[in-house]
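Note that the chains take the letters A, B, C and D in the order they are written out, and that residue 1 is the start of every chain.
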Amino acid sequence: MLERFARWETALVALLVLVAVVGQIRTGGAFLDGGNLFYLGLDIGEVALIALPLTLVVVSGEIDLSVASVLGLSSAVIGELWDAGWTLEAILPTVIVLGAVCGAVNGLLVTRLGLPSLAVTIGTLALYRGLALVVLGDRAVADFPSSFTDFGTTPVPGTWLPWPILLCAVLAVAFAVILHSSSFGRSVYAIGSNEEGARFSGIRVKRVKLTLFVLTGAMSALAGIVYTFRFSSARADNGVGLELAVVAAVLLGGVSIFGGRGTLGGVLAGVLLLGGLRNVLILDDVSTEILTVVTGLLLLVSVLAPALTARVRTSSTGRRSP
Amino acid sequence: MTTVAPSRARRIADLVGRARELGIVVALALVIIPTAFVNPRFVEAQGIRDLLLNASVVAVLAAGQTLVVVTRNVDLSVGSTLGLSAFLTAQTFADHPDTPIVLGLLVGVGVGLVCGVVNGLLVAVGRVPSLVVTLGTLYVFRGVDFALAQGTQINASNLPDELLDLGNGRLFGVPVLVLITLAVVAAAALYLRSYRSGRDLYAIGSNPEAAVLAGIPVPRRVFTAFLLSGAVAGLAGALWVARYGTVDAAAGTGLELQVVAAVVVGGVAIFGGSGTVVGAALGALLLGTIASCLVVLRIPAFWQQAISGALLIGAITVDRLLALRLARELRGRSDHDA
Amino acid sequence: MTPRPAVTTLVLLLSGAVALAGCSGTSKNSAQSNAPAAGSTGAADPNAKIKEGLKITFLPKAVNNPYFTVAQKGSDEAASAIKAELKATGPSEASASSQVTYINTAAQQKQNALVLSANDANAVAPALKTARSQGVKVVTFDSDAAPDARDVFVNQATTQEIATIQVKMIADATGGQGEIAILSATPNATNQNAWIEIMKTELAKPANAGLKLVETAYGNDDDQTSFQKTQGLLQAHPNLKGIISPTTVGVAAAARYLSSSEYKGKVALTGLGTPNQMRDYVKDGTVKSFALWDPSKLGYLAVYAAGALASGQITGAEGEKFKAGDLGDYTLGAKGELVLGPPTEFTASNIDQFNF
Amino acid sequence: MDLPQEQPLVVLDRVSKSFGAVAALTDVTLALAPGEAHALLGENGAGKSTLIKTLAGVHRPDSGRVLVDGAETRFSGPADARAAGIAVIYQEPMLFGDLSIAENVYTGRQPLKTGRRIDTKAMHAHTAALFDRLGVALDPVRPARGLSIADQQVVEIAKALSFDARVVVMDEPTAALSAREVDRLFDVVKVLRAQGTAVLFVSHRLDEVFALCQRATVLRDGKHVWDGALEGETPDGLVRRMVGRELSALFPKQDTTAGEVLLDVRRLTREGVFTDVSFQVRAGEIVGLSGLVGAGRSEVARAVFGIDSVDAGEVRVNGKALKLGSPTAAMASGIGFVPEDRRQQGLVVDASVERNVALASLGRLSRFGLLSRGAERRLAQDWAIKLSIKTARLGAPAATLSGGNQQKVVLAKWLSRRPSVLIVDEPTRGIDVGTKAEVHRLLSELAGEGVAVLMISSELPEVLGMADRVLVMHEGRLVDDIPRADATEERVALAAAGRPGVVS
């Protein structure tokens, strides 16, 4: 029972509540205002979309730093194809497939050649962003019809809920089911805790990992679509640096960088906490630099706290086995 | 366990070890020679000097990063450390124009040391994965930098001429900055090759568990690696000021990925245990040279990043294939016992 | 074990999400134009007094850009003159979208006016429109947003003036003969691209027939990149005689490279720069002349315009007039555009009179 | 031989050490005198490893004292133990694969020249000299990666020689050595003893113990059972002390009649690992696979199960050809595999017991990819009862269980799939005697139900007691196939040493 209280996810939710309460007081009620929540939702949309599959990737013991570049590449391709006269109905599935292909390249390099995913995706981080520049160059394509850009700029009628968040919520349920209630998800955890053990239990480690990278690529492309419509601007440099924000959110959500541990709920709480804190601080006119520092500190706390509590726990009960 | 055909196993290992540095030198030649054909200016004195100067800051950082990476860790905060150190160094010179140059450089190194201590303590004592720690301090150091800078920029006109001469001056025709870089690389290489604590870093990265059993003070050594990486990044910050003369809070943003790329291209195993400082520095030179070549060859700027990325992936792939080959050779060689 | 079904489910969901985005074929050609501009509401009352206690947000491209730090000084002066409450805020990196959060926040905080320099004319437009619909008056300065997304644009000088003066300066410095190159900011920068277009027209004129533009490079408004791009330009074009850098970051970096290289004095440089950054290079002969407006005056005028808008003195229609404190009277041009005045040309003889 | 009478070099005095709730050592006393070779005996799990690690400074005792030269000493880490002159050679040596052999020998103690720089030349020369003394020809400059276990051990011994260790602890050093190598090792030990070094020798081969050692200490269940001179003792007597009961009480293999051939391995070859391995296992049969560590036994099992790829050969299960290189295919064909390394390969130790039990049955437990937790729990409960797995709750991480119960979880994972062929690799390593008997009974029952069991084991008594047939491997080849009636300790040992069928 005590363990349950000591869980990181519980701490995150408590922090979220704290941020909401303090934010509400400090901003004179502006924080929990529907309009503000709408903007908050818009701001975290892309990060949340990418964090979903990335959670699975990190739980499996790998990492993908190329996500923001896939987002940029998909945005650039949307712009280029739109300029070439394609219909959006054709462009969007194409772009998602393209994202999946990008993910597959990462996945194949990691699983077939046995390369460390950190190094591979630092490489494709540069490669995909470079391809985005090759595709769209210095152009910015902005003349998308409002029937599509409204998706990124207006709430679901009658609510303050932004469309991307609705999409995100649906997908979050899907991903939560996959990670926590499917045999696939169970395999992901097993691989992350003990890849060798998983292999000895007949789990197709390579195939699972490849699937995760493909999913991440496709979701990053989807985030690219959302991003493009939200700003009604397709550019090659869309989302530069977003990978750090996503990784930070995933780690803050309590996913172990070594794999095998973490929950999707925790990650969503992490995304909300980072986004909410940012929103409160900006509303409260706290300067940008403090924001950066707070992000970094939260990240440090997220890994330090479990490490320290674990050490306190083991020192009180003693180590289990040699 | 009779004779192990020693010379052969050794030869293969040696070859693969050196193949990396050789490979980079060959790659450099492959890049430079055609470019020089198209545009002879590229290999004139000014062109060569520019190549070396462009690579020098990244090479210095790569030397520090190598110390960390061989221990199976990584320091992603170097870009932010450099930025913070660059700004504080520049501010010191701007506020006290009479500061002796060496003292100013020491300010930079000191700032880097402090950052390194923070990283080192968190990783070695807090026993938290370095990737996460340094990702966190990447934000924290940059935030502190922003907070201190408050949107100001320090320009060449605020800086003493002696400092700027350091960035642009030459000694026997070689830019001073390049000489400093060479010195840092040589010192780090010597440390890793010829000092016990330096060899310990390889041992830790090669087999952390065995390192503990062998009585190596693992936390202390890892701490030292981060400390040195921080100090080197601090020095790089001071050199940055000397080189560019203009510093604001954003200096060095995103540099960490370039540095990691240089280290990996230079043949340092991302999971520790092997690789040399010279290789990493050559990796930095190769990446910088390719970028310059593309400009000179008038390849559209947009292609440059894609080509660097492809190169990085190519490098680690070749590495991996070579390593597999080596492992197979060694396995074959030790099954002897006839 | 069978991972298949779970994954299939997800793929279906993903495609569903895409299908959700639209049903019939929508292409560039079939698309209708965007919704009409919000337009100005109500009529201007030229005699209205500027209200006291207006809440104005000042949003630069990025908070750590020295150019905007200077502009902010001017806006602070103007704000205290009209007794407005000015709040400066903004992102730490000048990315296309990072400003949107701050625009939303300004609307959320019920500010009376927002004064901003847009990182991307289109990316900020939807947020600005929403803000305007909530009663926030929007003034852009330095770099415009889509015209239907703001009330007034305070231009530093007309595009024509800025382009012309730079071509004139490079012609003077090179003697009107030889290859020249442009070192710009980011490839998407609205201002720079507009100026470069006009520069090209100017260069096509018979008077400038001796000048040949060989390349446009982008330094991304980053000191190091600009520095290295300058190097690249010089190596790629051995006969290069001059560089125009219409951005303060680029011109300073280029000057810094030239002054320390063998090209010093052989390759001319001009562009837009701040006197403090360029002083040394003008004095050591690397740069003969460069131009700029006074950013602090730009900020000053922008805040006055915001005050006038928020008080109903003007609405953004062409021909409306208002008094901008020490700067005197201004008249709005077409599409709600204000022009600060012609740029100042700085040379060794006058540079010491300026400090910004 | 006279017992040395001087003051002991090192004494462990009533040392206790526990990990969590498990007491690994209780009041154990051990004294090592100069010039003696002292055997440390006990079954797997008796506490030998913990005792060695205490001597090595890895573990700090919870109570009791460590005396060096009569003075109480505290080792705060391995470096302290080494400084006190204690060298430990682990069963599977811990070398730095990326570093050269010479550097492995001189880690942290490299010879220096001016400016405190490492004198590489001297280091290589010293290492070569050490290898000369040991009579081996290893190249000091080559990297340690890829060395055979025997060679790695030589490196470790050279390391001990290099700092003139006064106490050398050898943890089953001969397990992976050929007879000639063992002779050479014994020569080295004699040299060490002549220099006044104390050698603590851990081995399961009692003939070696009697050949080499003068005194012995026997541990059982973490407690000191006996110590004294070996003169006058018999192997049987020692085994009784180690086991605490008669041998016949163990290994209850029922007699069964062998049925169809279920597992048929034909000319399986993985280059550099094993060559041309062919054998069959029939329904109801337990086939022992014996041989020295490193002879290729586990590697054959891994290849059959599809973990490693093979270069030639085929495997048929129940008459059908098996797609090699795919554990999934092996499982589908009815093979179950309890691997050698329980913590690394058998279990996901951080995951709960029920998840571990269900791990190999995920496909059967889910519909449309969605896992039924109820079915998972029922499966785990069912098997926890069948195998009497002792755990507080099924949701507890597998890491919290004792070794024996962990092994039962691994068995449950595979048995729940109802395999027709079960491969077990060292099924009783490191588990207590009681559980060991349970595992044996279980294997016997399975065979009785018609399962074909292939059992790899390094414990000869276990193999001899359980197996219907014993296959023996030597250096990657199958060298002997001995029916139960002819299987004697001597014959198996000779075959394992590469001299099959030369029983007089």
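Throughout what follows, a residue touches a chain if its C-beta (ideal position, glycine included) is under 8 Å from a C-beta of that chain, and two chains touch if they have at least 3 such contacts.
Note that the coordinates shown come from a computational prediction; the quantities given were computed from them, not determined experimentally.
Least step count on the touch graph, chain A to chain D: 1. Any chain bridging chain A and chain B, meaning touching each of them, is among C, D; the list is complete. Taking the mean of C-alpha positions as each chain's centre, the chain lying farthest from the centre of chain B is D. If you compare B-C with A-C, the chain pair joined by more contacting C-beta pairs is A-C. Averaged Cα coordinates give chain B a centre that lies 36 Å from the centre of chain C. Our note on geometry: chain A versus chain C, Cα centroid distance of 32 Å, whole angstroms. If you average the Cα atoms of chain B and of chain D, the two centres end up 43 Å apart. Inter-chain centre distance (chain C to chain D, centres taken as mean C-alpha positions): 72 Å.
Within chain D, residues 328, 362-363, 366, 369-370 each touch two or more of the remaining chains.
Within chain A, contacts with two or more other chains are made by residues 137-138, 177-178, 182-185, 187, 202-204, 241, 287-289, 292.
Contacts with at least two other chains are made by residues 146, 301 of chain B. Residues 56-58, 77-82, 88, 90, 94-99, 103, 107-110, 112, 116-118, 120, 136-139, 141-143, 145-148, 150-151, 154, 178, 181, 271-272, 475-476 of chain D touch chain B in their complex.
By the touch criterion given at the top, residues 1-3, 6-7, 9-10, 13-15, 17-18, 20-32, 34-35, 63, 87, 89-93, 95-97, 100-102, 104-105, 107-109, 120-127, 130, 146, 186-188, 218 of chain C touch chain A in their complex. Contact residues of chain B toward chain D in the complex are 1-4, 6-7, 9-10, 13, 190, 193-196, 199-200, 202-203, 205-207, 209-217, 269, 273-274, 327, 329-335, 337.
Taken in their complex, chain B has these residues touching chain C: 39, 41-42, 46-47, 50, 54, 146, 149, 151-153, 155-157, 164, 167-168, 244-246, 248-251, 253, 291-292, 295-298, 301. Listed in rising order, the residues of chain B touching chain A in the complex are 74, 122, 126-129, 131-133, 135-147, 254, 257, 260-261, 264, 270-271, 300-310, 312-313, 316-317, 320-321.
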